[in-house]
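Okay, so chain A shows up in both of these, paired with chain B first and chain C after.
Here is the complex of A and B:
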């Protein structure tokens, strides 16, 4: 069927977005040095080389999160995904990567595929990841060992799955916020943003 | 912020120097948008304001102005470079307060010193100088920066020793120092572990280094393309030089610098190839410690090592025993014709560097001068406010200083007048 190649369905969109998060989170962890660089291996995806973690525990955790996320994306109940980087010793939040997800809930009833080719979507995703890489130009150096956490904002009435727990927003006070590019699959729209501690100068 | 505005920083990401403390995105946007038309007047005005503030400051914390000035410079000139004047500024501030004991362990001052050191070709010398002068000896940041420099140069033992020194001096904040020390230990032990794993299989050198001028092996059939990997096995044997056509003998000495004297081999190669010499491998990049000082080479004779291990001096060119025949008519021209009168034309030659100028040397000189001034040995004495004219990054002229004073006076006067008026109006209304 040629029509499925051209258009995009809710299921396909959820998969694409989840895949973006998997690569995006890996690149942030690599770029910000949360895990040692030798635990990453290079893969080519979206026509660019990306770093994927080889740490079994981390991989396991990320697969869990992403598969759960895919479910929520499919149900259109997820609003935000936030990657929080905290100082290991003081638990202070140093960086906050926020991805706002706008779901077009009408796609749930109306299952006709939308007109947008995968290639254009992937092009958009690529430029988001490129921008994530480029943020090192203004982000402060993370001088201390850091840990990361993933927060997912969902619709209120959602039952909390067994492996998840409620958490605070972990917002940085006195932060500088930079909006990054966004991409859309025409069903899910993802806006990215990074917040970091404001420098005390100027 | 609009999405269109974000593109600016991404387009010039290569021209933005990362800062340890990060950048304020608004300052970055401003700097980048003004970049096209050179240093804008707004920036110049701000700079001028800082320059005059540096001179006219009368409070009890002059370092504060400098600190703000330098931070502003860092943020305003994301690509660094000459027009930012950062190097000069750092040097000025650092020399300016060397004698102010109250700043010696001020974290701001120590940070400025560290920035200055990182700007210098030899940061380690600066750190040693700081220690000798007692600047920042109780600040953890000094030891952290110092140790990181050693670590970058691959000297992990010294890097650790620096931390020990810091602990001995009870540098503050203590937990920060401890934290960085632990991180260093973790890095070193991880490195050692990885090296051990590698070394188990074969006795390769621990860190395969790219040897300069090394030939590269061809890979596969593509002869023209050099392999990207320029370390380890990809480097062809370089110990041989001319001998490389006899790889059966030297084949496995891929990285050794020694050529072992082989009696049998020399016999075969002996008289037919008298020029056969063993070329010592080029020094690896680590050889910086033994760097040779520049010196006169004109009367130095290079001892030449022959293949046989003896030292042979090059024989002096023999004097001809015969008189070369010169035809009588063939008189050589006494001088090459010269169109330009040499007396008129000034001859230029490139200026020879009289001595090496490093920021550290200038610092020491400055220190020396000040000592001399104290003991009254100084020969020169400037009878004008030299300090005021030269204390900033750029030079002020007398008029500028005078104008600055004038404006200040005016401002004060107008304030007083206004105060009087207020008083007057208050009294009339009563």
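Here is the complex of A and C:
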């Protein structure tokens, strides 16, 4: 645990946020049924039971993205992380989970750690993940086979790493947006929101 | 009972005897002792006993006799019964035998009668037998005669049979010979065809070789032409390279031109900003001016107040201090007012003079700026002239080159760059023109401003000369104008605030949807992400399915074609088509098809052979017999003679049920009535009739 009793450093905050993203993405994939539920196993984190995928390809992909994301969080060059769910048959974007990241650039590498207890951060993260789980009640059903993609909004002057390429924002045509809770580690602030394709009610 | 009686009798007898013997001794004993009385009683007793015994004895005998009698009677009865039975039985037997006797007698009689009848029959039959034997003997003789005759005829027939067999054998041999000749000819035919095929293939190969040679020759000639063209192009390109090197140096100057253009643009932008800044500064200046006015006013008031204070303080000492004839405060006040007015006027003068000096200072500054901008404009014009001259020079050079070389790669690029430079120059010229216009406007504004300021100065001077009320009116007018301006600016501010709120809402909405500013942010994702992987897999699945579908369709088509072939070849074997639909044509099917084809060929050949044979036979019959025999319907035969006068003259014969041929009535046969009567009715010979007809027709022909 990098976040010790002394407070939150930039590195520790980056690790906390990256950890939240890995668990959050896993729970979204489980809730929306992108991967079959039998490929998930239950783990305990943030004082609650969460679902973590056991598919090796998926795990490999997520670790690649999250490790790169951690670097970018440490450099404070990342602005958003978006999880896009597309329908395979029609190639349409059906859902968009967007996490805005506001970084306090005054907190450099060697500045003094900030005073915020781990417990409060974990409570905030827990409430965000609970809210994500609760959104299943109003989100429309995903009936067709779907695949997901992770997009990262970074600063323009950033060097693109080897395995990454530029992509479009994959915005949903005619969407409904819902803003969810946010949490902050006093260095990074993460706002969550979900946009879904408006289904014409019959 | 008898025995019991006997035993009782015997026992009684024995007891009696024993008593008697017992009594005797006691009698003897007591003969002496007892008197005669005992003896008498004993004797009586004994005599009674004897009598009793005798009675018993007789009763016994009587009983015995009764019993015997009964037994005798019984036995008599039994015997009688039995005898009666036997008698009845014997009587019945007698009757039975009597009846039997009678029957037997009747039977004997019948048999005797039968015997006599049979004897009669026997005699009759023997007589018939004798007659039959005689008949048989006669018939046998006849049969023997017939046998003799048949044997003789059989021998004749066998002879003919043998002869016919020989003929058949000869014919068969002939047929076999002909078959062998046919087969040899077919083999020769096949060999010749094979040779033909070989020759044709050789011919095709030779023709293909010829074509390939021709193609090679043409390609060679084309290559030679291409080589010549390429050599020409090389020479041209070497010339171009030399030209390009000379042009490159001149083109290197173009980036400098671009840099100067950039600098000019930046200067223009700077000038625009400075203009804006000027306006901003003006506004600030106005605001400060107002502030200064207010401050000055307040200061004046303060000063006035202090003065009044002093004056009030000195008012008490006035009577002592002042030398003026002041008795009433009104006088003081009047004097004070006068002094104040003087002071006020002096201050206003001072203020206006300050304003004038400031405006003069500003005008001087703006004049300086204008001078600098004029200098810049002059410099820009000089540069423009230089650029136009350079551009003309470049144009001349390029035109010279263009005239020399037509299709080269570098000149279009240069021309394009020149055109671009020209466009840029034009734009800069336009910009400069605009700037000059703006400068002129500024100058005009400035002149107007100066004129305004001078007017204000004059007005102020007039105001100084005139009363203070007019100045206050002007200031009041200014205040009203300024207030209106403030109100307008406030309404505009509110409107702008509302617009700002709406735009912030929209920005928020777009941010939620995921919009981003392409200038500042970039969207990245991993190349190997699950969506692309899933899309690729889907694509592969779709392609594999399409390939499978095409493959299956081809299979279906081939199978249907195979079954269609089978249908056309052999219509009788319909069941094989069902098998063929489900499977691709297997080897067995192919073999069967080949066999079918070969058998059909054979059938065709046999048909041809039979046809030919029949034709030959019919022609031979026609030639030899003189009649062409045609089968019109099932059992009808039409004969036309060689020597018939008309085509329709024919004889119709019908085959009857019994196998005999009958002549049918035709027109021709009507004419031959005599011959019909003679040969058919009398002689009953059709060949004779036919030959007679031919002879008759022949005789008619020869005579005619």
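Throughout what follows, the second predicted complex is superposed on the first by the 193 of 202 C-alpha atoms of A that agree within 3 Å, B and C clash if a C-alpha of one lies under 4 Å from a C-alpha of the other, contacts with A are read in each partner's own complex, and residues count from 1 in each chain.
Operating definition for what follows: a contact is a pair of C-beta atoms (placed from the backbone, for glycine too) under 8 Å apart; a residue touches a chain by one contact, two chains touch by 3 or more.
What you are looking at is a predicted structure, and each value in this text was computed from that prediction instead of being measured.
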Clash or fit: what happens to chain B and chain C when chain A is overlaid? fit
Does the superposition put A:179 against chain B (first), chain C (second), both, or neither? both
Pick one for A:117: touches chain B only (first), chain C only (second), both, or neither. neither
Cα-centre angle that chain B and chain C span when viewed from chain A, reported as a multiple of 10 degrees: 50
Compare chain B and chain C by how many residues of chain A each one touches, and report the one with more. C
Check whether A:148 is in contact with chain B, with chain C, with both or with neither, and answer first, second, both or neither. second
Chain B versus chain C as contact partner of A:54, first or second or both or neither: neither
I'd like to know which partner A:98 touches here: chain B for first, chain C for second, both or neither. second
For A:138 in the superposed arrangement: first (chain B), second (chain C), both or neither? first
With the two structures laid over each other on chain A, which partner does A:171 touch: chain B (first), chain C (second), both, or neither? second
Shortest CA-CA distance between chain B and chain C [superposed frame, angstrom]: 10
If I apply the document's touch criterion, which positions on chain A are contacted by chain B in one structure and by chain C in the other? 145, 177, 179
Can you list the residues on chain C that touch chain A in the complex? 509, 511-516, 518-535, 538
Chain C touches which residues of chain A in the complex? 57-58, 61, 64-65, 79-80, 82, 84, 86, 88, 91, 96, 98, 100, 145, 147-156, 158, 160, 163-172, 175, 177, 179, 193, 195
For chain A, which residues are in contact with chain B within the complex? 36, 38, 89, 130-131, 134, 136-141, 143-145, 176-182, 196-202
Residue ranges of chain B in contact with chain A within the complex: 1, 3, 6, 9-10, 13, 16, 18-25, 27-28, 68, 71-72, 74-75, 175, 179-180, 183, 190, 194
